[in-house]
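Take a look at the structure below.
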Amino acid sequence: TVGQYNLVYNFFSFTIAVMAASTLYFWMGRPLVAQPYKIAVTITGLVTFIAFYHYFRIAESWDAAFTLANGAVEPTGKPFNDAYRYVDWLLTVPLLMIELILIMRLPQKETVSKATRLGVLAAIMIVLGYPGEVATDDGTRWLFWVLAMLPFIWIVYELVVGLSSAIDKQPENAKGLVSAARWLTVAAWLFYPIVFLFPMIGLTGATAETFVQVGYSVADIVAKAVFGVLIFQIAMRKTEAEYGGAKASG
Amino acid sequence: TVGQYNLVYNFFSFTIAVMAASTLYFWMGRPLVAQPYKIAVTITGLVTFIAFYHYFRIAESWDAAFTLANGAVEPTGKPFNDAYRYVDWLLTVPLLMIELILIMRLPQKETVSKATRLGVLAAIMIVLGYPGEVATDDGTRWLFWVLAMLPFIWIVYELVVGLSSAIDKQPENAKGLVSAARWLTVAAWLFYPIVFLFPMIGLTGATAETFVQVGYSVADIVAKAVFGVLIFQIAMRKTEAEYGGAKASG
Amino acid sequence: TVGQYNLVYNFFSFTIAVMAASTLYFWMGRPLVAQPYKIAVTITGLVTFIAFYHYFRIAESWDAAFTLANGAVEPTGKPFNDAYRYVDWLLTVPLLMIELILIMRLPQKETVSKATRLGVLAAIMIVLGYPGEVATDDGTRWLFWVLAMLPFIWIVYELVVGLSSAIDKQPENAKGLVSAARWLTVAAWLFYPIVFLFPMIGLTGATAETFVQVGYSVADIVAKAVFGVLIFQIAMRKTEAEYGGAKASG
Amino acid sequence: TVGQYNLVYNFFSFTIAVMAASTLYFWMGRPLVAQPYKIAVTITGLVTFIAFYHYFRIAESWDAAFTLANGAVEPTGKPFNDAYRYVDWLLTVPLLMIELILIMRLPQKETVSKATRLGVLAAIMIVLGYPGEVATDDGTRWLFWVLAMLPFIWIVYELVVGLSSAIDKQPENAKGLVSAARWLTVAAWLFYPIVFLFPMIGLTGATAETFVQVGYSVADIVAKAVFGVLIFQIAMRKTEAEYGGAKASG
Amino acid sequence: TVGQYNLVYNFFSFTIAVMAASTLYFWMGRPLVAQPYKIAVTITGLVTFIAFYHYFRIAESWDAAFTLANGAVEPTGKPFNDAYRYVDWLLTVPLLMIELILIMRLPQKETVSKATRLGVLAAIMIVLGYPGEVATDDGTRWLFWVLAMLPFIWIVYELVVGLSSAIDKQPENAKGLVSAARWLTVAAWLFYPIVFLFPMIGLTGATAETFVQVGYSVADIVAKAVFGVLIFQIAMRKTEAEYGGAKASG
Amino acid sequence: TVGQYNLVYNFFSFTIAVMAASTLYFWMGRPLVAQPYKIAVTITGLVTFIAFYHYFRIAESWDAAFTLANGAVEPTGKPFNDAYRYVDWLLTVPLLMIELILIMRLPQKETVSKATRLGVLAAIMIVLGYPGEVATDDGTRWLFWVLAMLPFIWIVYELVVGLSSAIDKQPENAKGLVSAARWLTVAAWLFYPIVFLFPMIGLTGATAETFVQVGYSVADIVAKAVFGVLIFQIAMRKTEAEYGGAKASG
C-alpha cells in the first residue's frame, strides 16, 4: 500500500542520513583519539560511508521500481535490487569484525589471527547467504540459510567465548563498553537471519517486504552506527586512560 | 493561494540557508573550543547539516507537488511528502538531547545515563507521532498525539526538574546560558505538538497547510540553529573559564 | 527592453562574483586575525556566502521568467521571484548587525544585549517589509513601508547614537574604521526603503524594475562586501594593536 | 568562418585553463610568502578565479550563439553576451590595482589612499565603457570611449608618475620586479581601448569579432596571470629579504 | 540469464565500493607512516583510486550494454567495453610493482633498477595482452597469451628469486609480511592469464562472460586492495621498528 | 575501423587516468620536498592537471564525432576538435621548460633569463604549429612545420648545450637525474614534429588518425608524467642532500 511504500522510502532516507552523519562524526572525531586507535576509527567511518553509498543505491532502486500517484502504488516492471545489501555486507561485515578486534589492542599476533579468522568467516557467511537471497523457491532459501548459519554460529561462539579473556584484560574504564560492543554485535546480528526468514514463516507480499526492509534497516543502523559510537567511545576512554588525552592532528 | 504557496516556498528556502550557514558556523568554530566540548559542537553542526539535507528534500517535494503559472497554483497529483520531517526529527531530536547533556560536562556515569534516557525517550516520541502524521482520520491523529505526549512530558520533566541540580553546578559564566538552552528547548519543543494539532482545531485546507509548514520551520530554526548558537557560546565560555582559551586545532 | 534585461542580468552575474570572491577572501583571511575576532570574520564570510546562494537563485528566476531571442524580450509566464531578497535579508541583515557588534569587542554583557536588540529589530524590519513587497496595491505597500520604517529608525538611532560611546573606546588605529563601518551601514541601508518606493513615485514597468534590481544589487554589495572588507580590516588592525599580529591557524 | 570560430573557441578554452591553473598556483603558493604579503597573493588568486568563472560563462555563450556542422558556422539566434567581460573587469580591474599597491607594503595611510583612488578610478572607467560596448552606433561608442579614457589616463599617470617614489623605496631584490609589474600593467591595459576600437577602424563582421575576442583574451592573460606571477615573485623575494623565508602555514 | 547479469552487476558494485574504501583508508592512514614510506602508501591509494574510476566506467558500460526488464536480459546493441581493464592494468600493474619495491626500502640504486625493470616488464605484458583481448579468433588470442606470458614469467621469476635476498634483509617484524605480499602478488597475478583462457577452454557465452568478469574482479580486489593492506601494514611496522612511530603530518 | 576507434578511445581514457593520478601524486608529495623545490613540484602537478582537463575534452570530442553500434563506426557530422592539443601545449609546454629550470636551482638571474627564453620560444613554437594543424593542404602544413622547427631546434640546442654547465654543478645524487630529465625532454619532444608529419608521409585516413592520436598521447605521457616523476625525484634527492630531509607542511 501507499503507507507501506512511504514507510520503507522514509526509512531508507532516515538510514542514509544516519550513515552520512555517522561518517562525519567518526572522521571529525579521529583527531581526538590516540594513534593506536586511529585506524579503528577510520574503519568505523568507512563502514558507515560504504553503507551510506549502498543505501543511496537501494533507495534509487526502490524509487525506480514503483510509481506513486493519485493514491496508489504500482510496480514499474523494473526489479528492486535488494541484493545491494549483500554487496554492502560482504565488505562491511568483515570490517565490523576487524573494528572490534582492533579497538581491543591485543598483541599483534593475536590481533592478526582473530581479525583474519573472524573476517573470513564473516565473508563466507555473506557469500553463503547470497544464493538464498536471490532464490525464489523456499528449498534453496532454507538450504543456504542453514549453510550461512554455520559460520554465523562460529562467529557468535568466538565473540561470546573466544573474546572473553581478551575483554577481561581491557582497561577498567573501557571494559564495560568493549563487552557491550561485543553483546551489541551478537544481538544486532541475530536480526539478520531472522529477517531473512520473514517471507518463509507466514508473512507475504507487500507486508513481508515492508518488514524485511525496515528490519534490515534497523539492524544495519544498530550494527553499524550505534556499534560505531561504542567503538569511538572506547577509543576515547582508552586514550584517556593510556595517554591522558590525545594530541590533535590532521 | 499563490501568496501562501510562495510564503511556504520562501520559508523553506530561508530554512535551508539558515541550516547551511549554521553548519558552517559551528564546524568552522570547532577549533575555538576546548577538547571536552569539541564533540558537542560537532554534533551541533551535524544536527543542522541533517536538517539542511532534509529541508532540501522537503522543498523539492513541495516544488514537485504544485504547478505555479499564470497566477494560479494547481496540484500536480504527486503527493507532498511531509513525513520527511519525522525522518529528520528521529535522528536530530535525540542528538539535540545529547548535545545539551554533553555541553554540561557532567560526570561520565551521569552523562551516559541521562543522554541515553533522554535520547531514547525522544526517539520513542517521534516514532509515536509518525502514525498520526500519516493518518487521515482525526481519531488516529488524536490517539498518537496523546501517546507521543507521554514521552514528551517525561522529557520536559527531566529538562525542568532533572537537570536543575546539574545546571547549578555549572561555571558561573555559563550557568545562565545553560539554563537558557534548557528553557529554549522546552519552549521550542512545545511548538511541535501544537502545530501538529492545527488541522484539528479549525484550520482547514491550504491555510492549515501554510500555518503547519511555517510553524514547523520556525520551530526547527529555533530548536536547532538558535539552540546551537547557545551551545556554541556555552562551549566557548567554558573553554575560557576552564582553560583560559583553546589552542586551535584542525 | 533587451538592454534593460541584459543590464539586470549582468548585474546579477556581477553580484554573484562579488559575493563568491568576498566569501573566499574573508575565509582565507581568517588565520590572519586574532582569536577574539575570528568569529566576526567567519560571520562576515557567511553573510556573503548566503548572498552568493540567493543571488544565484535570483538570477535563475530572472532567466526563467523571460525569453530573449531575435532582439526582443518576452515574459514566459513564470513569475520572477524577487522575494528571495527578503529570504536573504531575514538571515543576513541580523548577521550584519552582529558582525558590527562583535568586531568592537565590547564587554560580554553589552555585546549580548546590543547584538540581541539590533538583531531582533533587523529581523522584525524585514518581516514587516515582506507583505508590502508581495502586495500589488500601493496602499498595502505604503502601510508596510511605514511599519518597517519604525524598527529601521530605531536601528539607525542605535547605530548613530547608541554606539558612539562604544566607538570612542576603540583602539586608536581602528577607531576611524569602526566609525566608517557604522556610517557605511547607515548610508547603505538608507538605499533599501528608497528603492522599495521606486514603483510608487512615478517609475513604471520595465524601467522601474531595472532601477529596483540594480539599486538593490548595488546596495547589497556595499552593505555586505564593502562593509565586510571594513570589518576584516578592523580585525587585522586590532590584532596588530593588541597582539602584535596573529599566529596562523587552520 | 569555421577557422575563426574555432580559433576564438580554442582561445577561450586556453584562457580558462590559464586562469584555473594560475588560481591554483597562487593559492598553493600562499604558504611560501610572509604574512604581510598573504593578502596580496590571496587577491591575485581571486582575480584569476573570477576570470576563470567569467571565461567559462563567455565560452558557454559563444557555444550557444553558433552552430558548427558540416563545415559551416551558422548563428542560432541567441545573442553572444560579450558584456560578461565588463562584469569581470568591474570587479577584477580594481582588484588588480589593489594588488599592486598592497605588494609594495607602503605606509598604511598611503596604501589606503592610493588603493582607494586607483580602485575607484578603475571602476569608473569600466562603468563608462559599458554603454559604449552595448551600443550599436559609432557615435555612442566613441563618446563613451573618450569618457572612459579620462579615468584611464589618470590611472596611467598615477602608475607612471605617482608610484615612482614608492618604487624607489622597495628592497633591492624586488625593485626591478615592482617596476616591471607597473610597466606591464600600463602596457597590457593599453590593449583594451585599442581592441575596443577594432570595429570602428575598418575591421568588419567576423574578422573584427575574431580580433576583438583574441585581443581581449591575450590582454586578460597578460594583465591577470602574467601580472600575478610577477606579484607572487615580488612577494617571495620580499619575504626572503625581510624575513629570511616564510614559515609555512595552512 | 538475469541471475548472471545481476551477479556481475553486483560484483562490479562491490568492487567499486572496495576500491573507494581502500583509497580512503590508505590516504587517511598516510600520516601514520614514516616519511620513507609515505610515497609507497600514496601509490597504494592511487592504484585503488584508478581502479575505482575504471570499475565505475566498466559498470556504466555493462549497464548500457544490456536491458533488464520483466525477468529477461536483452543486449542493447551497444558493445560492452571490457578493454577498460587493460587501460586500468597498464597503469596500475606497473604501480603495484613499484609499490612492492618501494616498501622494501632497498638501496637507492637497487630500488631504481628493480622498479624500472619490473615496471617496464609489467607494461609490456599488458600491452601484449591487449590484442588478444580484442581479438575474436582463438589463434590470435593464443598467440598473444603466449607472448604476454613471457614477461609474466620473467616477473614471477624476479618476485620469487630476485627478491629473496632483499626480503631476507627486512626488519624482523616486517619480513613475514613482505614475503606474504610477494607471494600474494604471484598468486593473484596467476589468476589473470587463467581467466583470460576461460572462453577458450570450454566455457561459452554468458557463463564464460560471468566467470571472466567475476574472476577478474576477485583478482583485482586481491591484487590491489588486499595487497595494499599488506603494504600499509608493512609501512606501519617498519615505522614502528625504525622510528618508534611516526609524527603525524598533513 | 571499430578496433582503431576503440584503441584511440581507450588510449584517451588511459591518458586521462595517468594525468589525474600524476597530479594527485605530485601534489600529495609536495610536503616531502624542501621549500626551494615546492614551486617546481606545484608546476609539475599543474601541467598534468591541465593535461587531464584537456584530454577529458578531447575524449568528449572524439565520442561526439563518431557513432559506434552493431559493429561499425560512423562519423556523426560533428568535427573532432584535435586542436585542443595546441590549447594544452601552449600552456603546458612553457611550464615544462620552467619546471626543468626551477628544479636546477640556478642563481636567480640565470633562472629568470633561461626560463623566460625557453618559455617564450616554446610558446612561439606551439603558436607556429597551430595554423599547420588546422590546415588541410600539405603546402601550408609543411610551411608551418618548418617555421615551428626553428624555435624547436633552438630549444633543443639550449637543452643539450646551454644547460650542460648548469647540470655539471648539480649535487652528485641528482646530477644523473637532471641530465636524464634533459634527455627525456629532447627525446619525447622529437616525437611531436614526427607525429605531425604522419598524414604527409604515406599514412592515410583512419590509420593515420590512429597513429597520430596514439603517438601524441604516448608522447604527452612521457613528456609530462614521466618527466614529472623525474622532476619530483630530483626535488627529493636535492632535499635529502641539502637539508637532510624536508619538514612536512600543509
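Each chain carries a letter (A, B, C, D, E and F) given by its place in the written order, and its residues are counted from 1.
Methods note: a residue touches a chain if its C-beta (ideal position, glycine included) is under 8 Å from a C-beta of that chain, and two chains touch if they have at least 3 such contacts.
These numbers come from a predicted model, not from an experiment.
S.K.: Determine the set of chains touching chain D that also touch chain E.
M.R.: Touches both chain D and chain E: F.
S.K.: Among the chains, which is located farthest from chain E on the basis of C-alpha centroids?
M.R.: Farthest chain from chain E, going by C-alpha centroids: C.
S.K.: I'd like the Å distance between the centres of chain A and chain F, where a centre is the mean of that chain's Cα atoms.
M.R.: 48
S.K.: Quick one: chain A and chain B, Cα centre-to-centre, how many Å?
M.R.: Result: the chain centres lie 28 Å from each other.
S.K.: Of all the residues in chain B, which ones touch at least 2 other chains?
M.R.: 249-250
S.K.: Quick one: what's the order of chains around the ring if we set off from chain A and go to chain B first?
M.R.: Listed around the ring from chain A, going to chain B first: A, B, C, D, F, E.
S.K.: Contact residues on chain A for chain E in the complex?
M.R.: Touching chain E: residues 27, 30, 35, 38-39, 42-43, 46, 49-50, 53-54, 57, 77-79, 81, 83-84, 86-88, 90-91, 108, 134, 249-250 of chain A.
S.K.: Hey, which residues of chain D end up touching chain F in the complex?
M.R.: Checking each residue of chain D against chain F gives 3, 6, 10, 13-14, 17-18, 20-21, 24-25, 28-29, 31-32, 68-70, 173, 245, 248-250.
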